[in-house]
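Just dropping this structure here.
Residue numbering begins at 1 within each chain, and the chains themselves are lettered A, B and C in the order written.
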């Protein structure tokens, strides 16, 4: 940093000088910390080592999209510089790293920070500092729900509770006699899903005959699944991270059980389904919901959005194009760029958060057709539409039409 | 003034270090003060670990769990019972100390190897243990702690000295940690050069011989555990305040591990070691993920290799290398380097008067 | 009743996993009175080697012996390069070195192979058999079967061969062995090689069940510690029995002990470790008092 400091200062001085001399350029530009005449500085904390390191590639994919945009000339002549710091999924690291990005690197905004505990740990700070904490990479419901008390923070992906409500709707309309067993991770992630399912079932919540939790330190979830099976359940919800979902599905088959399977969208990547099949799981007929295009799904092979994704992801040498996390990263970066473009000449933190939280109306080429990102002055969940999908013959098949859950979570 | 000139040279070094650390926040940004506050917090807990491992010869791979106990004591007292945060720091220390004392009793029956095993397991299960009593710890939601405001006197004093803006809460936190570190290092220094310290070293170097010379082996070993936990509790409490948020993920296995690495690299069985250890434990992960990235002369491919291989490879390699080549850590290296330099400067004559270079301490 | 049986059976299946790694721990302990904290990571790394070989088109049955041989050599190299310089140091130093090794190997694997879980082939089918109304897959039974075979092989090597005798002698009476012409240091290296090879078998057997990723063994090692300690840390047979008991206990506690539930299973393993160490440090089959290196 120290090496580039003087050079940047010189460049800045030169630019001020030229701006003062030749004031012929059109229109005044309102800017803020982190914006120079040729650069927009964004910051990010994510786990690139440690237990959640698998998610680390998301930030690299986001950077690939920014590189793609920069190569096309950037946003109104400004190129995006994206600083990624590794917090190892530990909130105690996220706090100093975020403060470093805000106070030392002087970023314009934080973008797509990963993890519920980690991002919660800096939410108050970001809101006190009035620095946008945009599109955090977690589906906890609190981001959209508690917007009124934390108006500088916004999520992006569909909230876990909203997704679970879609499953509940499927049960109450198509499988009214189901006996439901739930396996969930004992953290905010699993609990959010469970709450959404219970709330969504409403009067039918008694259909849930057993719910068992597991800890991330578990090596096996057999004990829980045997118990759920013994409870007489004929329908199993797995609200787990990918590795545990695969293990759970394999265990279900290994204990000679064949319930109707529901798995959550975080773990429904086709690659994982195939791994589960190799591990012995019978997953045909499993139900999930989707909102994002799966790069391994042949039905998108000639899709324009998927072609664009493949072009973009080529900018990242370490990214596996078939990894679902990467298209997530590119999709959320697409929204970020959209917001910055919409801000036009009013590139201030306040304007950015205003656009993102209440004026968003975007059709994102990386999301399933028909899904629209929307925020209004009273709704701060950008993505609230998803579609039921069912696994058969080595791939997911879209079922029915897009389901809109907007306005149900209060 | 005679006593000043006659003071041993190391007193001057200590005074210099204290002055540098006291003046630090006036020279760096508010955010950097927070970073150095965390360095001091790590130094405190590593000092406690050093008392246990370096002096009494018992191992603990679970000091992250003790820090968690301290941090949660403060968080719960502040958040739930609205007790002033300052008062919670010593409470956290005492409660964690008692906990350590209790752990120390079964630990007496374990050999070093089994103690390592048991404390390692403790460090692994800490996050899941925290999640369970949800109404107390708020489970995975964690507990948010508001940043402490500096008192008026400190704020205005700081503004007067620097001639700048008032003190920020990060700077105030730094001074809290600084005060705690000074007191706790002074206490540790007094302990190790007096009777208890000599007793602990005697136990470390041979339990049977120590017992034969009338040392209460069991008593001192349990005491060492309690004392070490007291340090960890204070540090944990300050850690919670500095981070402003405590949650299960704040205390992963890698924290316990990083602390042990810090203690070993700083130098076990020395008073200066933990300070080096704190600096090392805090800065290594940050350096390994950031420094290389900002060096534009390093090719991107190499930089990304460094980032992905990350601190764990560096930790592991350094740990092994230090154990093999410099078992007394950085403090030991500096001491022996200084001794060698002095003997060279003074010539051989000095050596013949019977002054030997310091013995390498056994770990 | 059927549920209980199924819990026991699934517990035995997990127990097979713990037993196979515990066996490797016991071998190192027998070679030099040390618990190798890096054992799980070494096994994981060896499994990644097998994965890479298979990925390059080698068949499973060719990749398997190559990997075991590589692991054997790797174990010896690690002992020669990393352990030997601190061989005579206090146990604390050795523990720290193996911890360093564990984190080094884990980081290296993450860097070389990535963190995404991978599927790993298994020679055993995933078909299930019905035992008294409870189901078990051949794959789970296979892990136990292979552990048993490895146990027998280890027993034969240590008890029935001159080499095994020399290895045991070098571990328990290094000075006397040296006088009798046993190359003590090389015997220790062989012990590491052997443990590493057994660990590789363990990793290859459990990877299809646990999914191959750098953190695959991170919590398994705790269960393996519990198994080895429970069985009596110098007893190979004890490790296997301990593993099965730990697997079943953890499962049953999770299912039937209120307050444990699904999410404190690891704490049960921790409780087993503490209880055994405090109440009966020699474990179930251990004969001697705990020996310090």
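Rule of thumb we're sticking to: contacts are C-beta pairs under 8 Å (C-beta built on N, C-alpha and C of every residue); 3 or more make two chains touch, one makes a residue touch a chain.
All values reported here derive from a predicted model rather than from experimental measurement.
A.B. asks: Looking at CA centres, what chain is most distant from subunit B?
C.D. replies: A
A.B. asks: Which pair, A-B or B-C, has more C-beta contacts?
C.D. replies: B-C
A.B. asks: Can you check how far apart subunit A and subunit B are, centre to centre, with Cα atoms defining each centre and the answer in Å?
C.D. replies: Chain centroid spacing, subunit A to subunit B, equals 37 Å.
A.B. asks: Report the inter-chain centroid distance for subunit B and subunit C in whole angstrom, where each centroid is the mean of the CA atoms.
C.D. replies: Chain centres of subunit B and subunit C, defined by C-alpha means, are spaced 33 Å apart.
A.B. asks: Would you please write down the residue numbers of subunit B that are in contact with two or more other chains?
C.D. replies: Where subunit B meets two or more other chains at a single residue, that happens at 124-125, 128, 131, 308, 310-312.
A.B. asks: Hunt down the residues of subunit C that sit against at least two other chains at once, touch-wise.
C.D. replies: In subunit C, 107, 110, 219, 263-264, 266 touch at least two other chains.
A.B. asks: Specify, in ascending order, the residues of subunit A that touch 2 or more different other chains.
C.D. replies: 49, 51, 186, 215, 217
A.B. asks: Touching subunit C in the complex: which residues of subunit B?
C.D. replies: Those residues of subunit B that touch subunit C are 53, 57, 59, 61, 106, 109-114, 116-118, 120-122, 124-125, 128-129, 131-132, 253, 257, 260-261, 264, 305, 308-320, 323-324, 327, 362-363.
A.B. asks: Could you pull out which subunit C residues touch subunit A in their complex?
C.D. replies: Spelled out, the residues of subunit C in touch with subunit A are 2-3, 6-7, 10-11, 13-14, 17, 107, 110, 114-119, 121, 126, 128, 130, 134-137, 139-140, 208-211, 213-215, 219-220, 223, 250-252, 254-255, 261-266.
A.B. asks: Touching residues of subunit C toward subunit B in the complex: what are they?
C.D. replies: 33-35, 37, 82, 85-86, 89-93, 95-97, 99-108, 110-111, 218-219, 222, 225-226, 229, 263-264, 266-267, 269-270, 273-274, 277-278, 281, 290, 292-293
A.B. asks: With touch defined as at the start, can you tell me which subunit A residues reach subunit C in the complex?
C.D. replies: Going through subunit A, the ones touching subunit C are 49, 51, 53-54, 56, 186, 212-215, 217-224, 226-227, 229-230, 242-243, 246-247, 250-251, 253-257, 272, 274-275, 278-280, 320, 323.
A.B. asks: Show which residues of subunit A lie in contact with subunit B when the two form their complex.
C.D. replies: Against subunit B, subunit A makes touches at 1, 3-4, 48-51, 85-86, 88-93, 95-97, 99-100, 103-104, 115-118, 120-122, 124-125, 186-188, 191, 215-217, 317-318.
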